[in-house]
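Both complexes shown next keep subunit A, but they swap its partner, so subunit B is in the first and subunit C is in the second.
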Partner chain A sequence: MRLYLKFFTMHLKSQMQYKTSFFLTAVSQFLVSFTALLGVWFMFLRFNEVNGFTFPQVLLCHAVVLLSFSLAECFGRGFDVFPQLIGNGMFDRVLVRPRSAVFQVLASQVEFSRIGRLLQALVVFIYAIPASGILWTWDRVVTLCLMIICGSFVFFFLFLVYAAISFFTIEGLEFMNILTDGGREFGRYPFAVYGKAVLGFLTYVIPLALFQYYPLLYLLGLETSRLYMLMPLLSLLFGIPAIAFWRFGLHRYRSTGS
Partner chain B sequence: MQKYLAIFQIRFVNSLQYRTAALAGIATQFAWGFMEILAFQAFYRVDPSSFPMTLSQTVSYIWMQQAFLALFMNWFFEPEIFNAVLSGSIAYELARPIDLYSRWFCQAAANRLAKAVLRCMPILLVAFLLPEPFRMSLPASLPQFLLFLIAVFLGLGVIVSFSMLVYVTTFYTLSPIGTRLIAAVLADFLAGAIIPLPFFPQPFRTIAEWLPFASMQNMPLRIYSGHIAGHDALTGILLQIVWLTILILAGRRLMSRALRHVVVQGG
Partner chain C sequence: MIRLENINKSFRVARRQSGFGQAVKALVSRKTDTIHALQDVSFSIDRGEMVGYIGPNGAGKSTTIKVMCGILTPDSGICEIAGRVPWQSRIDHVREIGVVFGQRSQLWWDVPVCDSFDLIRDIYQVDERQYRKTLDELVALLELADILMTPTRSLSLGQRMRCEIAASLLHQPKILFLDEPTIGLDAVSKIAVRQFIRNLNTEHGTTVILTTHDMQDIEALTERILLIGKGRILLDGSLQELKKRASVRKKLTIEYIGKAPDISSGMQLIEQREGRIIIELNPDICSVSDAIARLAAESEIQDLSVSDISAEDMVAELYRSYQI
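== the complex of A and B ==
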């Protein structure tokens, strides 16, 4: 942990060297999700609700997904660029060092410019938390925190799977984007909007709905069972196959180095 | 003219090489389009009467958008051009007996076209075969289809000439990342990449429809889906021509000014 903190400050210092570049990247990150938000807003100016959810309620969803994605990307960036590490053979150096591979990849990159997106998620929260008409009792506050924390972990596991695939393919697979970037983009609406089949897939296969849709029902008082409150914890189970897959890939790894 | 055709051809064939990448891209775009349609359907169920396009027009819009993603996305730039400016190899480019603006224009257009050609067929084929609410419809008539084809090529021209402006700013800023992303994000939104322009509330919609960005994907996709037809389509195409001319003239002017003071980077 102390070592990670050291890496963390190191990355912070190095990225602060290029302030303009950092600032512009952060601004553009902000803009990317801002236009998505604008799209949602435009839709709600025309339609008052979707699947029974109002604008502030949908925003709550949007902010949870955005915040967890940005956190996962900020810390898990190393896995996002992992295919390059495999491609140029640098991963061999990771393997000879006396620390776990996951730790080293994790520490190899921290992307602070994601703060642009993070900030936006916070602004949306500030608007949506009072506007959603939810009575904020302690259990609902806990639910919201669980949604964000578990969401970050699920996105992080997705990055891990994405990285692990490149053990086999050497290159990154564009298809995984539908689960990571797609999860972020389509998570702006409660997943039930997309129909039963998609909701089922996002519950049992890739558990994005477990930290977004079901606990939202609890927040809104549509479901009172505590089970819905604790659903996000269940989504952490996705970590088991994700880590197992990573281990399997690591085991099978053959260097491409030169 | 012949040399530009040759550049076009080289780039085109070169881009056709990456077939596996295209396959992964097709799958992604297909899933993406599906999710988009499902979201729009959810809104449609709420209130069909406030839907500004018919559902099948929206579906066609989305499938065409996914199929021709490479043609119409603003964030898709040529790294090679940025590198030429940043690394100093621009010097070689300038030594060639070829107009730089036209060369880069051809290169960018050919790359986009090749990517799109490779990717559009499978997506369109499946989209035509899907069961009903998801199925893509054919254009209303043959003239409508011809108008669509004209609008596609003009739209491609507008996009490329817009990205040329971004390339030219690299001469001044030397740090393409910021301007590039910001320009791309705004242009994409105003071109109807996130939600089609008819879904914009007034007065945003009218403003957006007059901006050059509306001449990018908005025009061809709406002509294809039949949302813009007849007289309106002709006016739209005229607007595209006007913007294309303005953007090319501005780009050429800016570039010749930049080249007068060009500093060759690196050694």
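== the complex of A and C ==
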């Protein structure tokens, strides 16, 4: 952990070398996700509710997904650009150092410019938390925290899977973006609005709905079972196949080389 | 210290003809060829040895290095380094080795070199006092004092390479792998780097394995060379011995006035320009004094020098004779 902080400061030092670039990227990140927000808003200008959810409630959902995604991307960026790391051979350098590969890849990149998105998510929260009409009892606060934390992990695991695929293909596969970036974009609305099949997929295969839709129901008082509150924790199980897949990829890399 | 026995390693490589049509075809069905990168590679290296590992491009040098670093797992064979199998106990193993990839930096591009060094200290968990000592020594020997505070991006290639080498030695490895350490360096930096590697070997007893295409590196540093070609170890012996074998033949450079001297038996013309001729002698047929006498009889010689065949030529010939 101390070592991660060291890496973290190094990245901070590096990125501060290019202040303008950092600032502009952060602003553009803010603007890009702002358009997504506008999209939601226009939708609600026409319809008062989507699948029974009001505008602030959807915003809450939007903010949870955006915040989780930004956190995952900020810290897990190393896995997002992992194909490059393999392509230019720097991954060999990682393997000749006495630390775990996951740790080093994790520490190899920290994307501070994602602060733009983080900020946006926070602003939306500030609006949506009081406007959603939810009575914020302690268990609901815990639920919200769980949604964000577990959400970050799920997105992070998705990045891990994405990275592991490039052990096989050298190039990253764009179809994974449907799950990562797509997850972020579709996550603007509670996943149930996309129909049963999608919800099922996002529950049992890629558990994005476990930290978004089900606990949201608990927040809104539509479900009272504590199970729905703890649903986000269940989504962490996704880490098991993700890490196993990474291990498998790493093993293959070391026996095939590049 | 290092023991490799019958290491085999093959890769599958996709093959296709050039052209767009072929590229589309390759999407559907790919032909793969198996390339035997290493075949029955065996050698052993003792503690404190300096070994030059040479071979043409694509011969399997870096594959061997990767196997010894624990990056690659071979298909079969035994590799034991300091009592460990590199790919099985990677983390313990890499603590003991230092690797300089000439082309792959481990310094951070935008921060001063000393910050990169500090981070490496933390990665390897080097004890602070020992780190200070090692760093001071490296700074003095590699003359880094002036550049330690400079960001890597504003260093010259030679300065950067010196920093790379220092970076790989901060944890005092017992074995140092150098991959083209002098590539792109100017004469002064080359000499400085070589001098440093020599000192490292004599004073710390560090085992050094050097791959390079620069024969002067080999000549200046290593006693023993390993020649690899097409994935097989072709030669394992001392540089002196090899040289003796090749240098029976001499090179004669003659500057003359007037008519060019005729070449007689035992001589082989290497190069001829106006007023200058280079001849290789096979002393079994024609001794040096014979040759000079014969040449001097025919034309007026202004200047003459006799030299052994250079390491460069010798290796080129080795490659030729093994057809690699």
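Simple rule for what comes next: the second predicted complex is superposed on the first by the 253 of 258 C-alpha atoms of A that agree within 3 Å, B and C clash if a C-alpha of one lies under 4 Å from a C-alpha of the other, contacts with A are read in each partner's own complex, and residues count from 1 in each chain.
Basically, contacts are C-beta pairs under 8 Å (C-beta built on N, C-alpha and C of every residue); 3 or more make two chains touch, one makes a residue touch a chain.
None of the values given here were measured: they were computed from a predicted structure.
Taken together through their common subunit A, the two structures put subunit B and subunit C side by side without a clash.
Once chain A of one complex is fitted onto chain A of the other, the partner contacts of A:K19 are absent, as it touches neither subunit B nor subunit C.
Once the two complexes are laid over each other on the shared chain, residue contacts for A:V50 go to subunit B alone; subunit C is not touched.
In the superposed model, A:K196 makes contact with neither subunit B nor subunit C.
Shared-chain residue A:F175: touches subunit B; no touch with subunit C.
Of the two partner chains placed by the overlay, only subunit C lies in contact with A:S255; subunit B stays clear of it. Counting residues of subunit A touched by each partner, subunit B versus subunit C, the larger count belongs to B. Closest C-alpha contact of subunit B with subunit C, superposed model: 6 Å. Counting contacts by the rule stated earlier, no residue of subunit A appears in both its interface with subunit B and its interface with subunit C. Those residues of subunit B lying in contact with subunit A across their complex are 21, 24-25, 27-28, 31-32, 35, 38-39, 42-43, 46-47, 50, 52, 175, 177-179, 181-182, 185-186, 188-189, 194-195, 199-201, 204.
Interface residues of subunit A facing subunit C in the complex, by the touch rule stated above, are 2-3, 6-7, 10, 13-14, 17-18, 88-90, 92-93, 95-100, 254-257. Listing the residues of subunit C that touch subunit A in their complex gives 9, 11-12, 63, 66, 69-73, 75, 87, 90-92, 94-95, 97, 99, 101, 103-104, 106, 108-111, 115, 118-119, 122-125, 151.
Residues 20-21, 23-25, 27-28, 31-32, 35-36, 38-39, 42-43, 45-51, 171, 173-175, 177-178, 182, 186, 189, 193-195, 198 of subunit A are the ones that touch subunit B when the two sit in their complex.
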